[in-house]
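The following blocks contain the structures, represented as structure tokens.
In the two complexes below, subunit A is the common chain; its partner is subunit B in one and subunit C in the other.
Here is the complex of A and B:
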């Protein structure tokens, strides 16, 4: 999903530098940029001023659907379509259905979250361009796509150089 | 002592209980003692159930503090060391619990437990067959083993932490890992017996193998709620600054939500298996709690101890909001008391729900003693384990979202 974009990339060698750079990039008014780090960097969400993900709402909604569906289904099978007397209990016996309602809540919530995550993160991406092969090991990068507001290669290069980037290049990501 | 670290201003003041707090603690204790004395002489059949309910409810708060510390120690958690001392304070009720349970075993046994009344044991072969376990001597032995065990573990674990305050010696942290592991094993076994002895044997013909875990789940849920209240109190009164942030409180709130779900899971497991199997000697317990007004209390527990806290603690914003957290913590503490009351009272007034003056006076009495020992502990010791070797982890605690 989603083709790659051209833009400017800066490579940083330390976590502290990339945090400052992410903050600065945000302050310059860029909105579509991305920070690429080999591991989760504490404070990165704040530096990029990321909003909270919308995935929890999907989880809650799907969980609620699972709960309702299970309640309806156990009622329909046990009390309507094929009513069977189990131990003299009422056909519609909520305590017996709670485990099923719980399981379907969890199942729907979990699977929908994974699907939503894939959608939100634009996965799967087959064979994406590589900015720098060390980004999965010990280097950090900021990438600003060319369609971002106020994109100006000269200005960006000057900004990244001032922030102490070890390398600034035109790249595809 | 004020130092600067990680750009945060760190400050630990000397704890001085406010006048209102002191008065409340002394007045509460006084009301409790008066209620106990009058009840003992005039109305033991009402006083002892109230005593048992209040003692069990408050004791669980103290035990929950120790359990939480042990869980954090053995999971090698660094984030919580800056708030550990507050949970350590909660454990100061444990000596009172030991004395309180022995008083009950020596004076109130015949009033409370059918198995302690020889004429009832003689008339019921089921109870008679359990006499090898359910008798006064063995009960006192078990209470002593549990109580002294808890006391010694508390002395070791909290003691090591306090000794570390003076020297900052790292070995105390390592020593506490072994103590924490031993405590959890001992606690799992002995707390099951403690809850069976004090609450389950009120109805000696009934049994539930999950009963100990049920009491444990309520214990952990309520003690986390209390810990949140203490965290906000110390912050608001300015005794502690900078040592814990919204992140720490958020994490304790996550614990609280998790164990709210855990309580519901255990409570439902106990109910559903008994309901499904429908064996008379097991259903007895729930039948008593489904009639004569008790059904309302049972439903209140389902809604109030699970559904309301669960939905209230679900959004992230609520777990970081002082207003929501303080109200839901107070609410959970009330519900925990209702839960203990719900386990005890139907054995004595099955035909009608009544909550009388003894219930009130003993509750505020034990709560008053709890406040006294708590503020005594905080006045004597530093409010933060400042020299803990993992303090830097707690100070830079930050959770990605």
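Here is the complex of A and C:
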């Protein structure tokens, strides 16, 4: 989220090159850089030393909330607020409430996880800065923002060129 | 070692993959699509008018009456909900099982799920007879007490199951589409297209950390959808099984319904995919004959599960020693509705057996014909379950037949108009194969063409 940053961008033409470049950028000590790929590249998380996503914790918490809410609500409406004797069954007939509890668990877990992704990926965003229009098609990129540790345009350009970048430019992202 | 076949034919580059898949979105439709769309649209309008007449005049126009109180509405609801199940099986369950072949059919199968559930959802709403009061189905604070819904009723479980299923499968489908919308946005030459797909893409940029969260979310949604899809048809079967009517009151119903749902859904996937392959010849490189063969194998396997359930029901009817149960099943196979029963058995159990022959399960005309029979057979299965169980009750005084009317037929056929209109629009507006998902697997089965530095061990999956 927030505004875009200026920095150095390199465009690569193959998956293998961008993986090596991401690893190298990480080894050079940069921490705020981004690797942009048209599809999830196998091994990119390791190359960028990304931590495992925290979304599962949201999923679990939201699922637990959905479960508890359904349990509380079926109990409160059926046994407390207006208890109705249906066929002599107990007011709090837990097994009959399991389907509702299950469905609300799944619903809460799924929708909250999506909201978590929106937060994590900064979505939705109007007019996102785009380095190159082919980055969602067949090209790959590394972007190092100017506020990163040890940012030095000449050094970075030399590094990108050595890694086989097809294009190196100063850009906003 | 078994050599795997190429998932995508023709050694495509990443750019070619994008261009092939977005071509239907970026080009003007041909005569074939337009004529299909206009016919579907006309049928859809006919459907809307039929519903308007039925709702404004009353449920008396349909064939439901004493003793057959559940008819076309419930039969066709279960039919469409069942169709949806194959889409979730392909997109979620086969994803968890790391079946890479699912990639090229998942998007369209999921679209089928979403549209089938939307089509299905209308039926119970009309079946209530007073659809303008359908909000009573949801527990909301009201001034009648508050009088809450009965949470012990399977019909209410169904409200929750179907609405959750509709919501989650729509979200799952949309999340899968987000990176592909970004692809179309970045390729767009026209301003309006860039704006529309830009909004749909939510500003997706494809950074490594976005993908990391995205893949995790996709896995989580697949994991949540898997028990969800099994629960939906289980709960639909509870609508029947949690009653005392002979022919409904059986414990085999949940697995039997789920197997039937997957069977019918794959029937519909094969019907649609054969047509998509004809309409968009480029897609034959992605949805190959091998993909179609695998789906035909699943049709045959689930068809046999359904056949086993039919046999098992008969065995239990005899073994239980319950005279009403026994009568219901003899009446089902040899009574006034025996024609429906035997249509069901021949379409669902006998006809798919021809897929034992490799030649037949790899033939497009044959599989198209079989998939149509499967669709017909599965509609009749729900008809047999619903109508034959109700039409001869415990007391002969409660015997009677279902008075099928023209309005029943109009609503049944009209629903295909709604489904096909949505599906045809989808084919032209959304990328019908997942671009971002297919790109990492284009080399599967084509190891020879890979550069040495790109070799990836595919045995472990990723």
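Quick note on the criterion: the second predicted complex is superposed on the first by the 172 of 173 C-alpha atoms of A that agree within 3 Å, B and C clash if a C-alpha of one lies under 4 Å from a C-alpha of the other, contacts with A are read in each partner's own complex, and residues count from 1 in each chain.
Here, contacts are C-beta pairs under 8 Å (C-beta built on N, C-alpha and C of every residue); 3 or more make two chains touch, one makes a residue touch a chain.
These figures come from a predicted structure and were not determined experimentally.
**Student:** With both structures lined up on subunit A, is it a clash or a fit for subunit B and subunit C?
**Tutor:** Taken together on subunit A, subunit C would clash with subunit B, as the superposition shows.
**Student:** Would you sort A:45 into first (subunit B), second (subunit C), both or neither based on which partner it touches?
**Tutor:** Both subunit B and subunit C are touched by A:45.
**Student:** Which partner chains sit in contact with A:96 here, subunit B, subunit C, both or neither? Use first/second/both/neither.
**Tutor:** Both partners, subunit B and subunit C.
**Student:** Look at A:154 in the shared chain and tell me whether it touches subunit B only, subunit C only, both, or neither; answer first, second, both or neither.
**Tutor:** The answer is neither, since A:154 touches no partner chain.
**Student:** One more residue to check, A:37. First (subunit B), second (subunit C), both or neither?
**Tutor:** second
**Student:** If you count the residues of subunit A that each partner touches, which comes out higher, subunit B or subunit C?
**Tutor:** Greater contact footprint in residues on subunit A: C.
**Student:** Among 19-27, 55-63 or 181-189, indicate the stretch of subunit B whose C-alpha atoms run into subunit C.
**Tutor:** Only 181-189 shows clashing C-alpha atoms.
**Student:** Please report the subunit A residues shared by its interface with subunit B and its interface with subunit C.
**Tutor:** 40, 42, 44-45, 52-53, 56, 96, 99
**Student:** So in the complex, the part of subunit A that touches subunit C is made up of which residues?
**Tutor:** Residues 14-16, 22, 34-42, 44-45, 48, 50, 52-53, 55-56, 59, 73-74, 77-78, 81-82, 84, 86, 89, 93, 96-97, 99-100, 102-104, 106-107, 109-111, 113-114, 116-118, 120-130, 133-138 of subunit A touch subunit C in their complex.
**Student:** For subunit C, which residues are in contact with subunit A within the complex?
**Tutor:** By the definition above, subunit C touches subunit A via 13-15, 18, 139, 145-152, 154, 156-157, 160-161, 164, 167-168, 171-172, 175, 178-179, 182-183, 185-187, 198, 202-217, 220-221, 224-225, 227-228, 231, 235, 238, 435-437, 439-440, 451, 453-454, 456, 462.
**Student:** Spell out the part of subunit A that touches subunit B in their complex, as residue ranges.
**Tutor:** My answer: residues 40, 42-45, 52-53, 56, 60, 87, 95-96, 98-99.
**Student:** Quick one: in the complex, what on subunit B touches subunit A?
**Tutor:** So the residues of subunit B touching subunit A come out as 268, 271-272, 275-276, 278, 314, 316, 398, 400-401.
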